[in-house]
Each structure stands twice: as C-alpha cells, then as structure tokens.
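Just below sit the structures, each encoded as structure tokens.
Note that subunit A is present in both complexes that follow, paired respectively with subunit B and with subunit C.
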Partner chain A sequence: MIRDLVFVLLALLTVVPAFWVVFSRNIVHAGFALLFTLVGVAGMYGFLGADFLAVTQLMVYVGGVLVLVLFTVMMTHVPAAKRSRHGLDRLVPPAVFAAAVFGVLYKVITVVKWNVGEASTSPTTTEIGTQLMTNYIFPFEYVSIVLLAAMVGAAILIRERNHAGSDDAIAEEKQEARP
Partner chain B sequence: MNVGLPHFLTVSAVLFALGLFAVMSRRNTVAILMGVELMLNAANVNFVAFSRYVQRGIDGQMMAAFVIVLAAAEAAVALAIVLAMYRNYGTVNADTAQSLKR
Partner chain C sequence: MKLMYDFFTGQLGLDAAGANIAVASVMAVIMFTVMALCAIILTWMERKVAGFMQSRYGPMYTGRFHGWAQAVADMLKILGKEDIIPTEADKGLFKFAPILVLLGSLLAWAAIPWAPDFVAADFDLGLFYIFAVSSLVVIGILMAGWASNNKWSLYGAARGAAQMISYEIPLALAVVPVVMRAGSLNPQDIVIAQQGGIWHWNINPITNPFLFIAFFMYFIASIAETNRGPFDMPETESELVAGYHTEYTGMRFAFFFLAEYANLFLVSMIAALVFLGGWWAPFPGMGWIPPALNFIIKGVLLVFLNMWVRWTLPRVRVDQLMHLCWKVMIPVSLLCVVGAGVWMMAWGQLK
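Let's look at the complex of A and B:
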C-alpha cells in the first residue's frame, strides 16, 4: 500500500514536470522543471533498489548536466521579440508521431507476458565496483577516454579565437547571417 | 495495484514520447537537448527496471551507468556547440544554422 503510494508520487514527480519541460514557452522554466524530472528518475532508481545509480543520477545529472544546461540557457538568452512563435502546423506532426510511438510502446508493454522474477533488494554498490574492475574493465577504460576526448573537444569548440584571419571571417559571417 | 515492471515501463514510455516530441517540435537548441536528456532517462529507467524484475543480474545497472556517463559527455559537447552557434549567429534557433546551404 505504502509502496504503491510512493510509486505514484514518484511517477507524478517524474512525468508532470516532464510535460512542463516540453510545453513551457519559457526555456528557464523548462530547465528548472527538468530538475524535478531528474530527481524523480533518481527516486525511481532508489525504488528499484539501484542505490548507486540513484546517487550517480543526482550527482551527474542534477549537479553537472543540469547546471551546464542552465548556464547555457542564461548565456544564450534570446530577447522575447526575437523568439519565434510555434505555428500549429509545426506542432501537429510531431504530436501525432510521438503519440503513435507511445501507443505502440504501451501496446507492447501491456500485451507481452513479461517473465518477472521476484525482486532482491541488496545494496548494489559493491557488486557494481567488482564488475567495473573485472568483466567491465574494457568499457570502463574506453568510456574514460571518451569522456576525456569530449572534455577536450568542448574546450576547443568554445575557446576564444584570437588569430587575426579567422576573426575577420567570423565577423563577415555574422554580417551575412543577420539581415 | 501491485507495482511491477509494466508500471515502470509505462512511465518510461511517457518520458520517451515527451522527449521525442520536444526534439521534433522545439526550435531552441537547448530545448532540443532537454528532449534528448528526457529520452536517455527513459531508456535508463527501462534498463534498471528490467535489471530488477526480469534478469535479476547487475548488467542492466551497469549499462545504465555507462549511459549516464555518455549522456554527460554528450551534454558537454552539445552545449559547447550551442555556445559556438550563439557566438556565430547571435541566436540559438536551430532553423538558422543553414550556412552549408549557400
């Protein structure tokens, strides 16, 4: 009974702000709504007995990715006059497609007889650590190289260009892009 | 109601459909990225739920952990691209990135 109540609360905490993320016109509001969705997903991990993942979700998503997103939102603020309005013709095809995808997924979920076993709720941190150092050692090292490459790439992408030639080219590009 | 696998899969399907809608309909590049994050989280919920209810090993959780790492890398690079785009075009509207057309 308590379990069901907790699940319903977590599901609401996840899904309702997700609607806000998608339909809010204000991008800052969408970013803050994303915070609640991510916390709700972390709660679901905890509910499913994945304690390590719940903490990782909070630290990486809420503490890292979301802060990056909000920084970017605030650094790239577009004044209200320049924002384009959504035409209805632009909203209908994605809505139909997304609803169709959800329909198919829901049909599969309800039709398939899942081979459900009974659940164990032992802490998983030790097991994950052991697996990372044994069976998953190659993906672990590989993903660390991917992360390093992504960080270097991001730093190169946003560095200030101060050599003379390319600055003029960028200024020219700006002139042409803004009519 | 007895909370089981289908409930988690349904929540995840809702998240995925919402993310898909955001990616397809929004013009703000950051909003598109938020849609991608929603879809990745939906996939992660599925991984963890299956790991708990069906397979009863740790593999699903390992996969979810790797997805989180890759999502962080993706967010860093994508937001750097958004900032570079803002610097060059003065806007983050995805429709304006058309320089290759000319």
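Let's look at the complex of A and C:
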C-alpha cells in the first residue's frame, strides 16, 4: 500500500515535470523543470534499493549536468519575442521520433526476461568497488581514458579560440588589451 | 533514536513502517529547529567576532549582556518586513529559489551524527549523500539569480555556481583519504574509527601526514563552498550589491541567510566528524562530557576559525580563485589521495 503510494508519487514527480520540460515555451523554465525529473529518477533508484545509483544520479545529473545545462541556456538566452513557437512542423517530427523510441523501449522491457533479485541490505558500495576493480576493470579504465581525452579536447578547443598562435601571442594579446 | 523508536512502537503501538516515519518526522522538526537556532546564534557570533577582529565592540546594547539579543531582534525585524517581488521577476522561480537553497542544507543536515545514537538518517552512503544534496544549493542560487531579472543577481549567481561546482571537487577529494582509512562512507563509522583520544583522530600528522594536508584542503575548499570571504565574489557588496539575493526581502531573504549559516555550520561539522573525531572527547578521561556537546564545540571552533579568516583576509580575484582551485588544490588533493593510500599500505593501516 505505502509502496504503491511512494511509487506513484515518484512517478508523478518524474513524469509531470518532464512534460513541462518538453512543452514549456521558456527554455530556462524547461531547464529548471528538469531538476524535478532528475530528482524523481534518483528517488526511483533509491526506492528500488539502489542507493549508490540514486546518490550518484543526484551528484552527476543535478550537481553537474543540470548546472551546465542551465549555464548554457542562460548564456544563450533569447529575448521573449524570439522564444520558440509550437507550430505543427515543430511538433510532428519529434512526436514521431518519440513514439518510435517508446515503442522500442516498450518492446525491450516486455520481451527481456528480467532477473529480479532481492534488494540488498548490506552496503552496496563494497560490492560495486570490488566489481569495478576486478571483473569490470577494463571498461572502468576504458571510460577513464575516454573522459581524459574529452578533457584534453575541451582544453584544446578553448585555447584555439583564444589565439591560434603560441603562448607569446596570447601574452601579446593580453598586453594590447590593457588600457 | 532507538529510544524514540521504542517509544513509538511500544507506547503508541505503531508498526515498524509507521514508527520509522514518525521518528523521521520528529527528527526533521528537531533538525530544522536546531538549524534555525544555530543561524541565530551564529549571526550574533559573526558580528561579535567581526567586532573583535576590527578592534570595535559589535552589538552591545540589545539584551544587556554583549548584545546577545541582537540576532533575535534582527529576526523579528526581518519577519515583519514587506515581501517584495520585483514586477519583472520570474515569479514562480523567484518564490521557489529560497526554498530550494534551504532544502539543500536541511537534507544534508539529516546525515550528520551528533552522538552515538543520534543521527536522523543513518545510512551507508552518508558522506557521499551530503555532497550530492549540497548541489541543490547551486541550482537554488542559479534560480534566484536568474529569476530576479537583475544584472547583479545574475552575475552573483553565475559566480556562485561556478565557484561551488569547482570547489566541490577538492572538497570531496579531501575527504576520500579518510574514507579509505575508515573503510566506510557512513559518517557514524568514520567517527567510531577515530576512538581513543586526540592522537587517534584523522588529523594526526604522525599516523598519516597526508590526512593532515587533506584537512587544510578541505577547510579552504569549504570556505569557498559556503561563498564566504576571502572567496565571497558571489556577494561582493562593493560591486554586486548583494549578489544573488539582491532583490530578496523579508522572509525570503531570511531563508538565504538561514541557509548560509546552516551551510557554514554544516561544513564545519563535516570537518569535525571527518578529521577531528566527531563526538569523541579529546582525552580519555573526559568521557563525562556529553558526546553531542563535544561535537558542537568542535563545530563552533571551526566556525570561529572560518570567521577569523573571513574578517582577516582581503577578497581574492575571480581568476585567482579559479587558479587556486584548478591548479593548486585539485592536484594537491589528488596527491593526498594517492599518498594516503601508499602510506596506509606501507604501514599496514588498511582495513
């Protein structure tokens, strides 16, 4: 009874703001509505006994990704007159795409035989840590290399926009900019 | 906690789920009350400390003894103020932002162990959870700055958010060596692992010098995380009026104020429980001191240190702030993690 109630509340917390994200005319509102969806998903993880996943969801998506999304949205904010309109041409292609994705997901969820286990009561971090350092060491290291490459790439992109030349050229530019 | 649980199951005849919900509700009320009280006491303390640092008195008249009632009077004044919402503000977000900022602090307070059997939410990921929910504060600050529709607010919010997400990294990394040493993310376990007096605390440089360095990394990052001087660029009154809460008045402003002091005490409490032995007394013969009192004294001393720094050092520039974070503190914190691990392996301290 309580379980069902919690599930419904979490589902509403996830789905209702998700609609807001899609249909809001104000893109900043859409960004903030995403907060509730992400928190709802984290709550769902916690509800399923995946406490580590729930907290990580908060840490990564709310603390990192959402802040970056909001920054980007605020930096590129357009005046009220130019806000996105909701014509049929803008509505139909995404709707078709979304329906297709939903169909595939629905099929996957119903066809796959899910291995349902008991929610563990012991600390999940120990198990996750052990698995990451033994069975899944290759994917773990692989992901870290990909992330490192992304970081280096981001640093290079910023540098190139600053000035194509060397450190001296950048220093000169700074000198010129000084009044 | 156990007592409270037994009271609800035994005396009131609730089942396990009901008793858990009841205990959680009671703890939430207690935590919120403590939080409000601590904000009132800390504002008075801040003004007195600022006064002493600058060779003046600070509040002296309200309530006779060293102006102790000044903070209470301020709170009453704030409650009576008109609630102004700017016409051009984004009303919904403007109203919601202070709640979100306060919520972030309050959620983090839940996982703080005050005494051996007094912690609102005792769970294995406590420390990780505290850092995760703190990110709600960042969103709240961005929301406040944007919804105010004011240049100063937006600048303040952008600075605040950039600073907080940058300093979250050294803050969390500084705690990792301690987690490695205790072998748990549960704050209660981390405290229990430091049993046996001041030389068993994690800060002791002889048992592990890297933890000693990590404490200072944590402390510096925690000042930046609470947006206080010398890292108070988000609120620089000389250039940004008051930063992200420029447009807020009355109760909504009080929420930001409350959250600021709640956060200040929160980071100090985390430092106390992670590095300074939590609720353990400093020396073995001092077991008669209530554990919660030990813990609060340590927290308040760290808050004092924080205020001392705030009223002594001049504000840094934004580029200096980012330089310090990305080029000094993150490498040093990473070094601390690796160094502490090697040290613990070398001396057989690993669990």
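Before moving on, here are some points about what is shown:
In this section, the second predicted complex is superposed on the first by the 125 of 179 C-alpha atoms of A that agree within 3 Å, B and C clash if a C-alpha of one lies under 4 Å from a C-alpha of the other, contacts with A are read in each partner's own complex, and residues count from 1 in each chain.
Definition applied: contacts are C-beta pairs under 8 Å (C-beta built on N, C-alpha and C of every residue); 3 or more make two chains touch, one makes a residue touch a chain.
The structure displayed is predicted, hence computed values, not measured ones.
In the superposed pair of complexes, A:125 makes contact with subunit C only, with no contact to subunit B. Within the superposed three-chain model, A:52 lies in touch with subunit B and with subunit C [touch as defined at top].
Of the two partner chains placed by the overlay, only subunit C lies in contact with A:62; subunit B stays clear of it. Judged by the touch definition given at the top, the superposed model places A:29 against subunit C, while subunit B stays out of reach. In the superposition on chain A, A:17 makes contact with neither subunit B nor subunit C.
In the superposition on chain A, contact of A:43 is made with neither subunit B nor subunit C.
Of the two partner chains placed around the shared chain by superposition, subunit B is the only one that A:106 touches, whereas subunit C remains out of contact.
Within subunit A, the residues touched by subunit B in the first complex and by subunit C in the second are 52, 56, 64, 71, 124. Subunit A makes touch with subunit B in their complex at residues 3-4, 7, 11, 14-15, 18-19, 21-22, 27, 30-31, 34, 37-38, 41, 44-45, 48-50, 52-53, 56-57, 60-61, 64-65, 68-69, 71-73, 75-76, 78, 82, 84, 86, 90-91, 93-95, 97-99, 101-102, 105-106, 109-110, 114-117, 119-120, 124, 127-128, 131-132, 136, 139, 143, 146-147, 150-151, 153-155, 157-158, 170, 173-174, 177-178. Listed in rising order, the residues of subunit B touching subunit A in the complex are 1-11, 13-22, 24-28, 30-31, 33-35, 37-38, 41, 44-45, 48-49, 51-54, 56, 58, 61-62, 64-66, 68-77, 79-84, 86-93, 95-96, 99.
Only residues 17, 90, 93, 123-125, 128-129, 131-136, 138-139, 142-143, 146, 154, 158, 161, 165, 168, 184-186 of subunit C touch subunit A when the two sit together in their complex. The part of subunit A that touches subunit C in the complex is made up of residues 2, 28-29, 32, 35, 51-52, 55-56, 58-59, 62-64, 66-67, 70-71, 74, 123-125.
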